[in-house]
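Here it is, the structure, as structure tokens.
Should a chain be cited, it is by its letter among A, B and C, assigned in written order, with residues numbered from 1 in that chain.
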Amino acid sequence: MYFYQDPQFGERMITLMAAFVLVLQIAMVAQRWLVTNIRVFAAQSFLLASIAGTIAYYNHAPHIYIAAAMTFAVKVVFLPILMERLVAKIEIRQEIEPLINVPLSVLISGGLTMVGYVVAESFYHPEAGTTPATLGHNTLAVAISLFLIGFFMMINRRKALTQVLALLSLENGLFLAAISLTYGMPLIVEVGVFFDVLVATMVMGILVYRISETFDSMDVSKLRRLRG
Amino acid sequence: MITTLLAAVFQLLLVLCISPLISGIIKTLKARLQMRRGPGVLQSYRNLFKLLRKQMVMPDTASWLFDAAPVMVFATAAVVGLLIPMITAQAPLSLFGGVLAVVYLLGLGRFFLALGGLDTGSSFGGLGSSREMTISSLAEPAMMLAIFTVALSANSTNLSEVARSAIGQSWRFLAPSQMLAFAALFIVLIAETGRIPVDNPATHLELTMIHEAMILEYSGPYLALIEWGASIKQLILMTLLINTFYPFGLSTNWSGASLAIGCGTYLLKLLILSTLIVLVETANAKMRLFRVPELLAVAFVLGALALISTFLF
Amino acid sequence: MVLAALLVIPLLAAVAAFVARRRVEMEWINLVAAVLTLTFAVVLAGSTLQSGSVSAWGGLLYADALSALVVLLVSIVYAACAVYAVGYFRDDETNGVFDEDSDGVPAVDRLRKYYSLTPLFVCLMLLVPLSNNLGIMWVAIEGTTLASVFLVTFYGRPNSLEAAWKYAMIGGVGLSMGLFGTVLTYYSASLVMGTETLVGLNWSVLVTKAAQFDKTTMRLAFIFILMGYGTKAGIAPMHTWKPDVYSEAPVPVAAMLAAALLNCALYGLLRFFILTSRCLGPEFASQLLIIFGLLSMAVAVPFILVQKSFRRLLAYSSIDHGGIMVLGLAFGGPLGALGMLLHMTFHSITKPLLFFCAGNVQQHLKTDQFRQAKGGLIHAMPITGAVFLLTTLAVTGSPPFSLFQSEFTILRAAFDGHHILPAVLFVGFLVMIFAGFLIHIARLVLGEDPGTPHAQISDWKKYSLIGLGAVVVILGFWLPAPLFALVQSAARIVREVH
């Protein structure tokens, strides 16, 4: 058979792409320019769609193709275009200094990755009989790391739009976890989740726009009037 | 015994001769990408010959360090050149050290260069030295982590062992740990050789210099030694990068055919890496000095991730 | 058929309100939808009492007694708020709240936003108890967040934007954790059931096989579910969005968030609690829930004692009641679940009334700060003041009101399960909250006449206040037998470990 039909090759490619996804997530933590952040997110989602497609190919699970296609359409094309238009409208291009400075936050992201690996270890059942998902371990570690680093980014960043991006990368991590654990959830749930993500981003985009209009900045640390 | 001696001499000559060529190739490629003609690939040789014949001018306040620095830079770089497999999988002096020796010899050279910069008594020298030390203190851990990753998968810190064990396995370079380590080491390469986006090797403004500021007061043969040493260091780091991660074509025996193949593939890989460096240089602008730690922190984390993933992937 | 109708009616109302021209049309559309929903909810409750469970759409929708109870409560709250909203927004218009807005948006368009988003919100809230698939349940709850964000920013003030942003962000993160918990649940189920089945996430199927799930994964899954659905319910420490949102949103929206959405979030928690206790036994989940329940009450106490705004006071009361319900669930035993569900029922009827009173006061005095409101409200607003005081006593659990009975049941469950320390803390917190509430509200309502002019409140508001107040008083003495039967069968579903 050809080399691309060998399942070992498929597994290596998936592991490689998962590693790139992780690298892109760390790049997002270190990145200052909003437009670059959006593009890194688009690249990350593209890799995720590819991972989903590769899994679908090697495990003959056609319903994952649909999930991959939806990821591509929504997270690689539509949402980045939406957000870039928003950035153009608001005309704020750069992130301001985050709460924890960049080198330290990159190091913290590395630490969170290790935590993700440790958590994923507990899922590794080499003796599990009936589960067909054998890629659980590697990509699950990346997925949990994505989740943790996205969470960290939400706390660390001060611009509203970057917080939205962090939330979206968190959802990316969840998608990867679902794919690697159980080949994705039932199709109707996947469709629902995508629809939710889409509407959520649009809603938050509108909110970000209104915040920038009202407060003249996207800095969420200025939203401190309501206390007690 | 004789073969080892011959191999050592041959590799030394190779290192000394090819390093200015590589510098020239990089400069010319960069010029061509920027729609200029460039100085030509042999220009570095011409520079070296010119400098070797020129009169030397030294500052009054210089001490023995001023004389020692160029020699140390050149010597350490040349010795490291003998420790790394270039054409043959077995580096000539491989018995004398592995990864750690490489890192620390390069560190020794850098140390003396920084001292030499301070010794000149000019403020720009001190400026360059402190910047260089900042960058290298962040780049060294990243480099070590990346190299240890590779060493782990070969179960040895001897670079020849690493190269030899890697030749047999196919698709090994697709493993995430290798890719991450390559990325980390690439960033370190850019930092250590003073390329954009860390430092501009062609700048004339003293306030933006890092490497150039340290050697501002050097002239004549000393400057020739330092420049040669710098280009040897660049060649060494590039060779380290390509031969530990992609050791295809390294010859394992002394037959003429495999040596020729080794030579050819080595030059080809050097060219590809030079193109990559030039692309990165052209596509980016020089970073502010205070942003460089961020880039190196990313390299460090990549190296750490590479190390962890050897255990887990 | 009933299930589909429950979802379709609010959806049609939302569309109809979107295209309606005049405010009166929108109001009547909302009222009719509310009444119809309430009718169907009662029908559903009846049929689940008779036949146990109802399902539709090939098992996608499923209702047993627990779902029917939550549906009924949501519909009651919807109906009450629909009636109140008419008067509330009419008074807003009379007071000129919509004129000072700089967007120049006419009142009708603003009200259109409210009247089309609210039925959509209710439809999604009804989808939560009615969906069988746990993933769809998650989608519905996330949908309620999205539908209510713009309801929170209704007045367009900077404070509302801030509140909406916090709500969206904290809700988004929390619900992502909930999604992760759902994925983990699916994973531990797939080890038993395989992943090819379409019904892999259906609760009615999962609950039969729950005992065989992978234990470690279920533990982790429940923690994430608790954090996720707990964020929506406002359990500490994920409660920080509640005070902001409840003080900035218009009163009918806040009442629905506090009384109806809380129920839906706790419903989600309940379903997963049942799965977890069947898999791991009740101790693990109970211990976690006790900690979070006590933490919620503990967090609420200082903020109620020292509070400057009565809208935020209500939010902390809601956090406190969320904690009480979670504690009821945690104490377990035959009385724990019963106490929790009774508390849910009574809370859903009493809480909106509290919000309505506060809304009346805020609209009349144009402030929600205690200091500016001075005292002696009963002179200027006799009905509102009296009902406010009455509801305060009801909400803090004084006899003879209904909440006292449910809290007492929970307390008995605590002693039955030998949770002595939590029980003592529980009583202590209740007493402190009672004291804090009474001090603030009594000072607001009673006292000398400060000379504020007599309030002109709309008849709609007056009657909704009196009507709901009468229900609250009556409930203290008499609980209709069918309702009690519904609560009991719902509690039985929660308690069954086999």
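In the analysis below, a contact is a pair of C-beta atoms (placed from the backbone, for glycine too) under 8 Å apart; a residue touches a chain by one contact, two chains touch by 3 or more.
If you're wondering where the values come from, they're calculated on a predicted model, not measured in any experiment.
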Chain contact graph, described as a line, ring, star, complete graph or other shape: line
Chain nearest the overall C-alpha centroid of the shown protein atoms: A
Greatest separation from chain A - chain, by CA centre: B
Chain pair, A-C or A-B, that carries the greater number of C-beta contacts: A-C
Distance between the centres, which are taken as Cα means, of chain C and chain B, whole angstrom: 66
Intercentroid distance (Cα basis), chain C paired with chain A, Å: 32
CA centroid of chain A to CA centroid of chain B, Å: 36
Chain B to chain A touching residues, read off their complex: 171, 174-176, 179-180, 183, 293-298, 300-302, 304-305, 308-309, 312-313
List of chain A residues in touch with chain B within their complex: 9, 12-13, 15-16, 18-20, 22-23, 26-27, 30, 102-104, 106-107, 109-110, 113-114, 117, 137-138, 141
In the complex with chain A, residue positions of chain C that touch it: 60, 133, 135-136, 138-139, 142-143, 145-146, 149-150, 153, 158-159, 161-166, 168-169, 172-173, 176, 179-180, 182-184, 186-187, 190-192, 194-195, 198-201, 216-217, 220, 243-244, 247-248, 303, 306-309, 312
Chain A residues within the chain C interface of the complex: 122-123, 128, 130-133, 147, 151, 154, 160, 163, 167, 170-171, 174, 177-178, 181-183, 185-189, 192-193, 195-196, 199-200, 203-204, 207, 210-211, 214-215, 220, 223-226, 228
